[in-house]
Amino acid sequence: MNWQIHLPALVLAIPLLGAFASPVAGLGGRNVRNGWMIFISITTTAMCLLLLQKVLADGTAVYVMGAENWNLTLPSGLSWPIRIILQVDAFSAFMAVVGSIAALAGAFFSLSFMDKFTGLEKFSALYFLLVTGMLGMQLTGDLFNFFVFLEIASVASFGLIAFWRDRPEAVEASFKYMIVSTLSAMFILIAVGFLYGRYNAVNIAAVARMLHMGYAEKIALVFLVVSLTMKCGTVPMHMWTPDAYAEAPAGVTCLLVGVSQASLYGLFRVCFSLYGASLGSSVIPWTIIVMGVLSMFIGVTMAVIQKEIKRLMAYHSVSQIGYILLALGVGLLALRDPQAMADYGFTAMKGGIFHIINYTMYKGLLFLTAGAVYYAAGSRNLNELGGLASVMPHTTFMFFIAAAAIAGIPPFNGFVSKLLIYQSTFAVYPLLAVVALVTSVLTLASFVKVFQTAFLGPAKKKFANVKEVPGSMLIGMSVLTIVIIALTLFPTWTLSHLVEPAAKALVDQAGYISAVMGGGL
Amino acid sequence: MWAKVYSGFGYWDVYVWLIFFGITSALVLWLRSLGRDDYKEGTEQDEIFYGSNEVPEDGDDMGVPASSAYWGFVKALKPYYDSLIEIHSGIASDYVGYFVLTVAVLAVLVLL
Amino acid sequence: MNPLSVVVRTICDVFAWFIGIFGIYIIIHGHLTPGGGFQGGAVVATMMAFLLVSYGGKKTLSFAKTGLLSAMETTGLLVFIGAGLLGITSTLFFNFLAGQGGIFGAAVPIGPNSGVLNSAGTISVMNMAVGLEVIGGLSLIILYMFKGIRLFDNASESGETGHDR
Amino acid sequence: MKKRVLFMIAVLVVVGTFWGAIDRIHPFGDVPVAPMDDYYIENAQQERSVNNIVTSIVFDYRGFDTLGEAAVLFTAVCSVLALFRKGRERQ
Amino acid sequence: MTGNAPFIIVGVIFFLGLYAILFERNLIKIAIGISLLEASVNLLLIVLGYRSGGSIPIFTLAGEVRRMVLPTPQALTLTAIVIGLATSALLLSLIMLLYRHYGTLDVREIRRLRG
């Protein structure tokens, strides 16, 4: 039997098994635990890559949990699915690959970074649960299952953010995130309840086929959209983002960036695949666009005045999320109009999806370098840091690459996706492109500030005995650096082989529905 | 391999850029090599000029702290920043309030 | 902290064991009556709270071994996901034991009936696994939150400086 | 103070729309069609030889959800244990 | 007979939970608010699945009635309850730690991270 049909399930089962067995691995001491962490991370990433290859070759992969046969989506004679169905189209697989690469880098980085703490078997268990939650959100085709995985990811991230429980700020950040996030999860559950009550189904494809806009559907849409935009940190609900990203351990922050992408995935799955053509008015697309623009501008202006290096970067992730929301909002706006879709909508979606992978890679790398600075120098305050370039050359080099990429300096990958976003949004409304350009300039300005104050400048006496960080942390950072350089050198290949299928899968609502509802026996 | 990224309005080609970048750096290096030949390493030409003051031992005493960077920008936008910092009050129930407010506004907009 | 009155402590002591038995009944009959692994596990974990009330923290912590509880939790989870993974000849979470005869696979009559205990296949295996997990997990939560109160007294010994210099 | 009034209005709007939505789903006790649930009621007993339909859904038809649920509980246990872990002795 | 009374109760509990989260200062009361909200959502799911005159969807106890209430919302609610339990446990632990660090339970004084 071809084992590759089980890939969607294995992608979720392997990190879950890794998490459940972590307490056992923790009994074997430090080396066994670290080896287990690396083994599971590499296996998960490899599975995700295989899944992507399979999906790109064979089209949407469907996996029915607990049925006699993996593709028995509809039991005989029925026209509705009764089981949980994992549905992996090109967009899901793309997001899973992005997230699992961030998870791999974070796992490598955490090996040495977390050495100063105790209770590390719990750390690795929580880390894999966070990975599972993220991948589950991206692969599932079931609304309630999505909620469950969202909760796994949320609860794991609360534990991980507060992992340094002797630092009051860490507990505070975790608490604030928890309040807002639990509330939003309840709203998502309410929306699932509404859709279940209306259509007696919780499968995304099944609901999408029957959906027509009524009062309850509109309220469900509002609850879903606002909750999921909150989970990825959009203005005006972004306040948890700088707290949580700054206080989490650096390896976890790298993964949290990936998890926020999973929420973004959920948002676009809801908008494009669940509601899609029946979205009706253009209120929701314009809301997403306006939220994106606000996020870009407010995020970056708040970042300029920050003193703490990780907090500054966290505000930048608010502004970068804004780019993605802007681009995909434009795509959503053009969804019902084939002419507009061909003119600028598809380009915007390509730019947005390309920006997702770019953003995750360079933002993860930036957080990792910030963590490396914190690890080596013992401070995150930019007023105290200085002159680290001579003692930490590798970190400085990787920071430079990432900063240039996020600021959109031409040869780097950030420029390509930003170019696509600028030019397509300009066609909708020129002001959007102007705001995006201003944001890009301010991003560059604030990273010049970080680079100049933390890495350049005269050597300070209190950092005289600072050394380069240990090898495993460098490996974690190099993984992301290599991906960034590869994306920089081969943008055409990436666009045509990864991004375009993902964008096509996202637009193609009928294909998404028929993968579940058209199959069966 | 040499294909371009078309955005509908123009295109982007990383290799053209890299070739241009290489040519420019070669040009710059060549110009730099034409520089002054009376420069000697390890002489007083290497000394830091610190406003004709004594150069401090510790780097902490020179250099601008990060919070002073872009002070003009921040000063010009002071009303904007004041209102922004007031929004980021740090109180958890306010954050929940903004979430609920967004839900309410969007619900009204969608239902209208 | 003053202990509760002797009446409360005695009642808690007596009822703790009944509650434990009742919870195990709920777990085992999960596929026949309302309840199941989670509910029964939660009931059994209440026993730990009762014991804390009746015997006080020091004595309870001396005989409730956290290592054993966490082993129960991990075992339950691994059995659960293992039962799911064993079905992968068809699909993950395929109920490969139902209706196959043997200790878990008896067939049940259709329609209202009084129930057959050894039916339901992996469902009852998973019920027990989840019950084990919940007993361990919730008891651990109760014990550790109780220990957390005591952390207030000697806060100095457990601080971790982390990365700050 | 102004903020509190604003939030109160927002809460009322959200509760109002929420209530309006549940009022329009279907009248209480009168589910119009329920093909998925009727399938469970009809077939769960013979397919999976189990008397308790809710358990058959929890552990079989939607067993993967339950795995996630167990994982959430495990996550909470791990988090609580990590928060109240016995730290390293301070030098 | 009861009309839409269960729906109204869901709305009332939802309002109370939201009010407690937004306007209460005490962290424990906020936690209670979140629990109330969870309770209202669970009640909503259960209420959506009720068929008047339906019996419990368990054949051991159902008797001869074949009209049963919908079983799926009950299964979903079971999952949601356990998730809510896990969240509450973690939330209360965090509140304990916050009290240890800040010496207060007032949400307005726990604001070191701002700006």
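Lettered A, B, C, D and E in written order, each chain numbered from 1.
The criterion applied here is as follows: a contact is a pair of C-beta atoms (placed from the backbone, for glycine too) under 8 Å apart; a residue touches a chain by one contact, two chains touch by 3 or more.
As the structure is a computational prediction, the values presented were derived from the model and not from experiment.
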| item | value |
| --- | --- |
| Chain nearest the overall C-alpha centroid of the shown protein atoms | A |
| Reference chain B; chain at largest CA-centroid distance | C |
| Pair joined by the larger number of C-beta contacts - B-E, A-D | A-D |
| Whole-Å gap separating chain D and chain E, where each centre is the average of the chain's CA atoms | 9 |
| Gap in Å, rounded to a whole number, between the CA centres of chain D and chain B | 45 |
| Distance between chain centroids, defined by C-alpha means - chain A, chain B (Å) | 24 |
| Geometric centre distance via CA averages, chain C-chain A, whole Å | 34 |
| Where chain B touches two or more other chains at once, by residue number | 88, 92-94, 96-97, 100-101, 103, 107, 111 |
| Chain E residues counted as touching two or more neighbouring chains | 18, 21-23, 30, 44, 48, 58-60, 70, 72, 76, 78-79, 82-83, 85-87, 89-90, 93-94, 97, 110-113 |
| Of all residues in chain D, the ones touching two or more other chains | 7, 11, 14, 17-18, 22, 25-26, 31, 34, 36-37, 40, 45, 51-52, 54, 58, 60, 62-69, 71-76, 79-81, 83-84, 86-88 |
| Chain-to-chain touches, reported pairwise for every pair that qualifies | A-B, A-C, A-D, A-E, B-D, B-E, C-D, C-E, D-E |
| Contacting residues of chain A [partner chain B, same complex] | 175-176, 179-180, 183-184, 187, 215, 218-219, 221-223, 225-226, 230, 236-237, 239-240, 281, 283-284, 287, 298, 301-302, 304-305, 307, 343-344, 347, 351, 382-383, 385-387, 410-411, 415-416, 419-420, 423-424, 426-427, 445, 449-450, 452-453, 457-462, 488-489, 491-492, 495-496 |
| Parts of chain D lying in touch with chain A, wherever the complex brings them together | 17-18, 20-22, 24-26, 31, 33-37, 39-40, 60-65, 67-69, 71-72, 74-76, 78-79, 81-88 |
| Touching residues (chain side chain E, partner chain C) in the complex | 56, 58-64, 78, 82, 85, 89, 92-93, 96-97, 100 |
| Chain E residues within the chain A interface of the complex | 21, 27, 30, 34, 37-38, 41, 44-45, 48, 70, 72-73, 76, 79-80, 83, 86-87, 90-91, 94-95, 97-98, 101-102, 110-113 |
| Residues of chain C that touch chain D when the two form their complex | 30-34, 36, 38, 70, 73, 76-77, 80-81, 84, 92-93, 95, 98-99, 105-108, 110-111, 113, 115-116, 119-123, 126-127, 130, 133-134, 137-138, 140-141, 144-145, 147-148, 151, 156-161 |
